[in-house]
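After this come two complexes, each holding chain A, first together with chain B and then together with chain C.
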Partner chain A sequence: MHSFLSRANAVAAYALSVLACLTFLCFLSTLFIDYRTEASINTIRTIVKSISNYNSDRKANDLGHITVDLRADLSPLFNWNVKQLFVYLYAEYETSSNSLNQVILWDKIIRRGENANLNFKNMNLKYYFWDDGNGLKGNKNITLTLSWNIIPNAGCLSHVNAVGQHSFSFPDEYTIAKQ
Partner chain B sequence: MNFLTSLGIPLHMDFDGQRRAEYLARFIITLFGIIGFIWGYYKQQFSLTVYTCGFGFTLAVLFTLPPWPMYRRKPLHWQKPKSDTDQKKKK
Partner chain C sequence: MIQGTIEEIKRMNKRQFIYQVLSFGMIVSSALMLWKGLMVITGSESPIVVVLSGSMEPAFHRGDLLFLTNNKEEPIRAGEIVVFKVQGRDIPIVHRVLKLHEKKNGTTKFLTKGDNNSVDDRGLYAPGQQWLTKDDVVGRAQGFLPYIGLVTIYMNEYPKVKYAILACLGIYVLLHRE
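Now for the complex of A and B:
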């Protein structure tokens, strides 16, 4: 504290330490919050086509076409340590070649302050529902789950699954695409 | 900083002033940190905490960085240097 510059250094260092301490306290204050909440998912149209996948090997793979109803009120999840949510819908199913397939079908970024009350009716999905073979036709147990990442101001990035899943089956016949 | 001293603007505090400046700076920053934390928690908005902390920092800089006269009230009293002529007389 004997000179102007050493005083500036001491004050700035102490202010930064206090700020770091408060940030850690903010992280602690939200550490044990349960971020699960209910979501209701329903499928309206479920058809499956056999189409050449030009993204990979050009073989005819199964492509699912589904539309969903999705309702979830995520606004109670926000607090002073939640910057934004990354919400995504994924399908899980078993085929003869893989015991677990996971395909992301839809996602959305919700920043704090934006409308977090999701209510979609007969919504088309954002991403293609490709199988890596012929596992979708006649598959009786495909489970849709809504899930989100919580992006905090300070702390760890957590993955949370919604309470409530939806299972559906694909028809036994391909829908022939009109040429 | 040296040019200010050469202009006759003092930059130093006395020892007691340094102690009081450090104490005051820490008090202001801690106080605004606590206020900011409570306010931010109440409003559920962490940016309020950060801005309040920044305000406390600015206040502490204004109050303790310049060597205000209140930090210069207890200067050290040095003994007067003995002149050579006095020492010669003692011999």
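Now for the complex of A and C:
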């Protein structure tokens, strides 16, 4: 009755249930935490060009060029159930053809233990700011929002917007691209 | 050991054997009910998926488990992690929405990218496909559990292990007596 196999089975089953229970408690302990915090965003240079988008439909689409100042201290967000933050800056705007456009312009992976105090001056974007058409020229209301996706050790994958957005407008004329 | 199990079966009478078979059926059907119930609640055709590639590292590694929902009312937004199917590929892909454009009539199109990839997913889509739409989406990742999916990855890579485990479980359930 008390063979090696039955003992090993009992130990493994008990260890598994303890692990499952601890994981669940870890998930519960961080379920109701408010992960919002403040961020300050500012745009320095905003120009718009009309360029053929060879990645997409090859038509002349609006391409925005902006540089931003970005400041946010995300280190208080980390706790024992935050493995990584996926931080992203996105632009949200309306055009004549689309009721909603969201374009991620910049992102950064911050793992636990890495420096989470973001402070960028006059930063270039990581991704191209292509519009789906010609809706950037003269657009008066483009909102930049910093947001983060919390990657836990085990639990919910929540998305949180920073407190503090920034709105800007693009000029009414295209900047002619130098060939 | 085999001789022991054969003797065990011989010692059982008919009623007991039927009882064991029925309880085995109960286990199988309750697992099926759980899965189908989850499908109804989450609205997703596969509410739990295993991450199979490293394209979302360091967030998701191979073998991590994701819980999906696919409610039609809740719209997809940029930054969310979606699981989608591409025509001509059997395995669904787990990637993040990079750009999203919603037309006035409510139709959306979006472009995805893996966190660990340097370029967007246009190269992964079907030839000529520029954007994904809601119909391509299997679900949106809402919950995360590490490592558990490694079991199924091993089972799929070594089918003999799978059959051995299934056989052991079946024999155990059939012969187990209170």
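As a convention for this text, the second predicted complex is superposed on the first by the 178 of 179 C-alpha atoms of A that agree within 3 Å, B and C clash if a C-alpha of one lies under 4 Å from a C-alpha of the other, contacts with A are read in each partner's own complex, and residues count from 1 in each chain.
Note that a residue touches a chain if its C-beta (ideal position, glycine included) is under 8 Å from a C-beta of that chain, and two chains touch if they have at least 3 such contacts.
None of these values were measured; they are calculated from a predicted model.
**Student:** Touching A:132, do we find chain B (first), chain C (second), both, or neither?
**Tutor:** second
**Student:** Look at A:153 in the shared chain and tell me whether it touches chain B only, chain C only, both, or neither; answer first, second, both or neither.
**Tutor:** Both partners, chain B and chain C.
**Student:** Just checking: does A:19 make contact with chain B only, chain C only, both, or neither of them? Give me first, second, both or neither.
**Tutor:** First partner only.
**Student:** Scan A:90 for contacts with chain B and chain C and give back first, second, both or neither.
**Tutor:** second
**Student:** Please tell me which partner, chain B or chain C, touches more residues of chain A.
**Tutor:** Counted on chain A, the partner with more touching residues turns out to be C.
**Student:** According to the stated criteria, A:101 is in contact with first (chain B), second (chain C), both, or neither; which is it?
**Tutor:** Touch status of A:101: second partner only.
**Student:** With the two structures laid over each other on chain A, which partner does A:55 touch: chain B (first), chain C (second), both, or neither?
**Tutor:** second
**Student:** Can A:109 be said to touch chain B (first), chain C (second), both, or neither?
**Tutor:** A:109: touches chain C, not chain B.
**Student:** Across the two complexes, what residues of chain A are contacted by chain B and by chain C?
**Tutor:** After superposing on chain A, chain A residues 23, 153 contact both chain B and chain C.
**Student:** Would you pull the chain A residues touching chain C in the complex into a rising list?
**Tutor:** Counting only chain A, the residues touching chain C are 23, 55-57, 83-84, 86, 88, 90, 97-104, 107, 109, 111, 127, 130, 132, 147, 149, 151-157, 159.
**Student:** Under the definition above, what is the set of chain C residues touching chain A in their complex?
**Tutor:** 58-60, 77-81, 96-104, 109, 115, 122, 130, 141-146
**Student:** Which of the residues in chain B end up touching chain A in this complex?
**Tutor:** 1, 11-13, 18-19, 21-22, 25-26, 29-30, 33, 36-37, 40-41, 43-46, 49-50, 53-54, 56-57, 60-61, 64-67
**Student:** Show me the residue ranges of chain A that touch chain B in the complex, using the header's touch definition.
**Tutor:** Chain A residues touching chain B: 1-5, 7-8, 10-12, 14-15, 18-19, 21-23, 25-26, 29, 79-81, 153.
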